[in-house]
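Quick one: the structure is below, questions incoming.
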Amino acid sequence: MTSLSPRRRGGRWRPWLFALPALTVYVVFLVYPAVSSLWFSFTDWDGLSPAYNVVGLDNYARMLDDPVVLTAGKNNLIWSLVTIVFPVTIGLALALLLNGKVRAKPVLRLIFYAPGVLPLVSIASIWGWLYNPQYGAINSFLSLIGLGDLAQPWLGQDSTALWAVMVPAVWLRTGFPMLLYVAALQSIPAELYEAARVDGASRWRQFWHVTMPSLRSAHYIVLALSLIDSFKVFDMIYAMTYGGPGTATQVMGTWMYANVFQYYQAGYGTAIAVVITLIAIAVGIPYVRSQTRERAA
Amino acid sequence: MTSVTPITTTPAVAPSKTERPSAKDTVRGGLVLTVVTGVVAVFWISPLALLVVTAIRPLSDFIGNGPLSWPSAFTWENFSDAWDIGNFATTYGNSALLLILKVPLGVLISAMLGFALAKLRMKFRRTVMFSVFLGLTIPIYIAIVPVFIMMRTAGATDSVIGLIGPYLAFGIPFEVLVLQSFFRQLPNEIIEAARVDGAGDWRIFWTIVLPLSAPALVTVLILDAVATWNEFLFALILLNSDANKTLPVGLLNFQGQFSNNTTGLAAGILIAVVPILLAYTLLQRWIVAGLTAGATKG
Amino acid sequence: MTGRSYTRRGFLALSSVAVTGLGISACTGASISGGGATAPASNTLRLFTYEDDTTIGSLKAQVKKFDEQNGTTTTVDSLPGSGAAQYPDKLRTELLGGSGPDIWRIWGGQIGAPFAKAKQAADLAPYYQKYGWDSSINTAAVQGMTFDGVKAGVPFTARALGAWYNKELLAKAGVTDVPTTYAELEEMNDKLVAAGITPCGLGGKYGWHIMRLFEYLLEHTAGPELHDRLLLGQDSWDRPEVIEAFTLFKKWQDKKWLPEGALGLDPADVGNWYVQGKVAYDIEGQWTETAAILAAEKDPKDFGVFQLPTDQSPARHSGFVEGYMINARSGNKDKAAALLDFLLTPESQKAMQIGSSTVKGAEPDAETTPLAAEWAEKYGDSPFYTIQDQAFPKKEADQYFSIQSDLLQGSMTPAAAAEKMQEIVAAWAGN
C-alpha cells in the first residue's frame, strides 16, 4: 500500500531509528507503569506502608460486592455515550454554520473554542454557581421563560446530578471538534458540490453524500479524542460533585482515586483502575484496528 | 491498495468557498445566520463572562453579595494580588519551560514514529501501531503510583524536567495517530522523487514530510500545548516545592481551609489562560488555512 | 528496549521498581522500594502545610525568625485547601518511598491517624517532656493528636463549631433571644421560615458541611456518653436515639430549615450566606469571623454566635484540632522540635494570629475578632466531641455521608439509616 517500495540501502532495522525515541518513552512511562499497576492490584497494599501481602484475585472478587462499582460502571457508560455523541454532533453543526455565510467567523470560532482551554477548577466553580437551586442563573432563567416548574436542585439529587455535570463537559469539549470540522469543510472542493447539484441532489443528500464522506479523516481524529477523554473521565466529576451526592456520580476514575489516595486501599483501587482500563481497551480495539488497517482510499 | 492516494483526499486542495450565486439571498441569509449564531455564541460565552466579572470585583463584594449579584464596585487589584498569591512569577516560568521543552520534543518524536509507520517499511509495523494506539485508552491514574515510585527512585520528583517523561508518554498515542494518518496521505511520488535525487530517510523527513504536514503538526501542537499547560494530576503528585510548581497547581493557592479567594482565583485563571488563547488566536489561521495549503508545489 | 536512550540513574530506578513489581514471588512481606533509612542530620528543614494566602506570610515570618536565631534554613511549602482537598493525598504520596518533609501540619482524629499508624510520624513524647508542652498546651487538644496512646503530633489550634447568625434577619423574624433549648431552636426556625427566611445554611457537597447538623442532633438525642461510644464503635448505632436523630435531620430538610437543594451546594458558597443575608445562621467555627464577616468588610456587631443547645449535660459542641507532626525518618528531629516549640510560644501564636490557639496565653484578640474572643470566653473551656469527619476514617466518613444523602433524598428511612450506619461502623471498629 502506501509504504514505499523495498529499501535500496540500509536494512530493515533503519525505520526503527525513527521509531525508537517515541517507543522508548512510551514503554518506560506508560506501558511499564500500567503493567506494574497490574501487580499492585493483586496485593493488599495500603499505599502507605512499606510492606504488603499478595492476595491473588481477592480485590477483583471484592468488586462484585461493591455497590459503588456498579454505579460507577453505569455512570461511565452513560458518560461516554453522551460526551462522545453530543460534542461531536454539536461541533459539526457549529462548523457547518460557521462554514456558511456567517460574519465574524474568527470571533465566533474563538468563542466556541474558548471553554476548552479553561482549567477545571474554574469550570467547577462557575457551573456550581449557575446550578445553585435558589440563586443560580439556570433556575432563574427557567422561571423567566415560564418553565419555573422545571427548576431543580440540579447537582443536589441523584437523579439529575450526573446529567448536570455532563452539560459543562459537553460545553468545553465541543470547541475542538468544531475547529477540526471547520478546517475539514473548507478543504472540500467546490466542484464536488457542483457535480452533485448538477445531478439534482438536494442539500440533505449533498450533506450525506458529499460532506460526510469528505470529513472522514476529521471524524477519525474527533472520535479518537472523544474516546480518550470519555472513558478516562475523572477530573470533571472530581471537581464538580466529588462523586456525590452520596456516591451517585462516582465513576470508575474517581472511585479508584478515592480508594488509592484517600481510603488507604491502593491494592483495591488499582484493581478498579485495571478493570476500567481493560474495558476501555476492549471498547477501543475495534477503533484501533480500523486505524491500523490499510486504508482503501 | 497501491501507491498513490487520489489527489482529492490529499490536503493539497486549494481553498474554496462553496457559495451559490444569487447575491441577494446570500446577503439576507448571511445576516439571519449571523444573528442566530451570535445568539448561540452569547449563551455559550456567558459562563465565561461570569468569570470575567468575578475577576474584576472586590473580594469583599463577592463574599458579601454572592457570585451572581451585580458587582457594587470594580477593581483591577485582583490581578496584581493574584499574581502574588498564585506565585505566577514562578509557576508561569515553570509551565513555560515545560511547554517549550516538552511540546516540540513530543511532536518531533511522534512525527518520527508516525513517519516510520506511514512511509517506511518497518517490521512489526502493525503490532507497533496497535500497541501505541491502544495507549489512547490508558487512563493517567492507573500509572500515577508506579510513575511516582519510579521517579522517586530516580530522584526525579520535584523537578519540572521530571514531568517531561510522563507527559511525553501520554501524549504520544494521539499525536502518532493523527500524524501518521496525515503522512499516509502524502503522495508517494514526491518521496520517491526525492529518493531518486539521493535523499535519505532523514532528509526526506525534514525537508519533505514535515513541511508538507504543517497543518497536522500545528493541530497536534496546539492540542498538546493546551493539555500540557493545564495538566494537573501528575504535576500535583510529582512536584513538592513551591519553587517547582506549575500553573494549575499554583491555582490551588487560592483555596483555603475555610474560605476561597474566588475573585483572586478568577483573575488568576484569566492570567493563566491568556497565553493559550493568544496562541490559539495566532495559530488558528494555520489550522484552518493550513489544511488547505499546497503540497502540490512539491 | 527500555534502556538505550535512558540515563543510568533512571535505568537503576526502573530495575528497582521491576524488583518490587515482579521480582518478589508468591506470598507475604513484599516491600516498596525507596529506603527506610533515616536521613543524615543537617541544618535544613522542610515544613509542609496547607496555609492559604492570608496566613502563609505570617508563618513564614516566624519561621524566618527561628532560622535567624538558630542558624537553620527552613523551606515552607504549602498546598492550601480543606481536609477534603488534595493536601492529605499529596502528603501521603510524598512520604511514600522514604523522604518527605521534616515537619507537616495535619488535622487530628482519623485524618492524622494513618500517619501515626504507619509510623511515619515520630513519637513526640520526649519533646513533650523537654519543652513542657503538657502544661503549656490544652489537654483536650493533645488528646486529638494522640493515637493509640502515642503522642504523634502536637496541636496548636482547637476549633469549635457554633451557630453564627445574622442579627438583622433574626430581628426581622421577631427572634429576640438566641435559643437555649432545642425546642427553642426549632421554634426560632419556624419563625424564620414564616418570615420568608431560610434558617440554616449548610451545603452537602463533600458531605462534611451538612454533617455538622446531624452530629449536633445526635449529641442532642444521644447525650455525651453514648455519642462518644458510638463514635468509637463501642455501642450499636441501630438504636432509638440514632433513629431519632436521623428523623430530626430529615425534618430539618422537610420543614425547609435548610436551603433548597442543600445536598448539591458547595460549602465554600453557602458558608458566606449568613453574611450575605440569604440564610439566618450557619454552623461554623471561629474562623468564619475572619473568613466571612471581616472578609466581606462587614461589622462583627451585626452578627452573633451561640452554642447549639443540646439539652444535655455537660453542654458540648463539635470541635477539632490541628497540629504538627515530625517525620520519623527526619535526620533533624531535634531541630524540628525546637522549631515547633518556637511556633508554640504565645508570642509566635499571637504574631500569627492563630484564632483558636491551644497555647495558654494566646487567646483571641477582642479588638480584631470580638466574636471569636467572646466565644473563647464563654465556651473556651467547655468540652467538645470530635467532629465526625475526623472521628471516622475517610472511607467510613464517605459511606456515612452517602447515608445522609440517601436519607435526605427520601430513598432511605431513618431506621434503615441507623442500621446501615451500624454495619459501617462495626466493620471498621471490628478491625
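Points to keep in mind about this one:
Order of writing sets the chain letters: A, B and C. Residues in each chain are counted from 1.
Definition applied: contacts are C-beta pairs under 8 Å (C-beta built on N, C-alpha and C of every residue); 3 or more make two chains touch, one makes a residue touch a chain.
Remember, it's a predicted structure, so these values are computed and weren't measured experimentally.
Geometrically, the chain at the heart of the complex, using CA-atom means, is A. Seen from the C-alpha centroid of subunit C, the farthest chain centroid is that of B. Per-chain CA centroids place subunit A at a distance of 15 Å from subunit B. One simple way to say how far apart two chains are is to compare their mean CA positions; for subunit A and subunit C this gives 36 Å. Centre-to-centre, using mean CA coordinates, subunit B is 39 Å away from subunit C. Within subunit A, contacts with two or more other chains are made by residues 21, 23, 28, 32, 36, 40, 47, 125, 129, 132, 135. Of all residues in subunit B, those touching 2 or more other chains are 66-67, 146, 150, 252, 262, listed in ascending order. The set of subunit C residues that touch two or more partner chains comprises 10, 14, 17, 20-21, 32, 93, 96, 269, 278. On subunit A, the positions that touch subunit C within their shared complex are 20-21, 23-24, 27-28, 32, 35-36, 39-40, 43, 45-54, 125, 128-129, 131-135, 152-158, 161, 241-242, 244-248, 258-259, 261-265.
Against subunit B, in their complex, subunit C makes its touches with residues 9-10, 12-14, 16-17, 20-21, 32-34, 48, 50, 52-54, 75, 77-83, 85-86, 90, 93-94, 96-99, 268-269, 271-273, 275-276, 278, 284-285, 287-288, 291-292, 295-298. Within the complex formed with subunit A, the residues of subunit C that make contact are 1-2, 4-6, 10, 14, 17-18, 20-22, 26-32, 36, 84, 88-89, 92-93, 95-96, 114, 118, 120, 198, 204-207, 259-266, 269, 278, 393-395, 398, 401-406, 409, 411. Subunit B contributes residues 59-60, 63-67, 84-85, 146, 148-156, 236-237, 240-242, 249, 252-262, 264 to its touches with subunit C in the complex.
Only residues 1-8, 10, 12-16, 18-19, 21-23, 25-26, 28-34, 36-37, 40, 47, 94, 97-104, 106, 108-122, 125-127, 129-130, 132, 135-137, 168, 171, 176, 179-180, 182-184, 186-190, 192-193, 217, 220-221, 224-225, 227-228, 231-232, 234-235, 253, 256-257, 260, 266, 270, 273-274, 276-277, 280-281, 283-285, 288-289, 291-292, 294-297 of subunit A touch subunit B when the two sit together in their complex.
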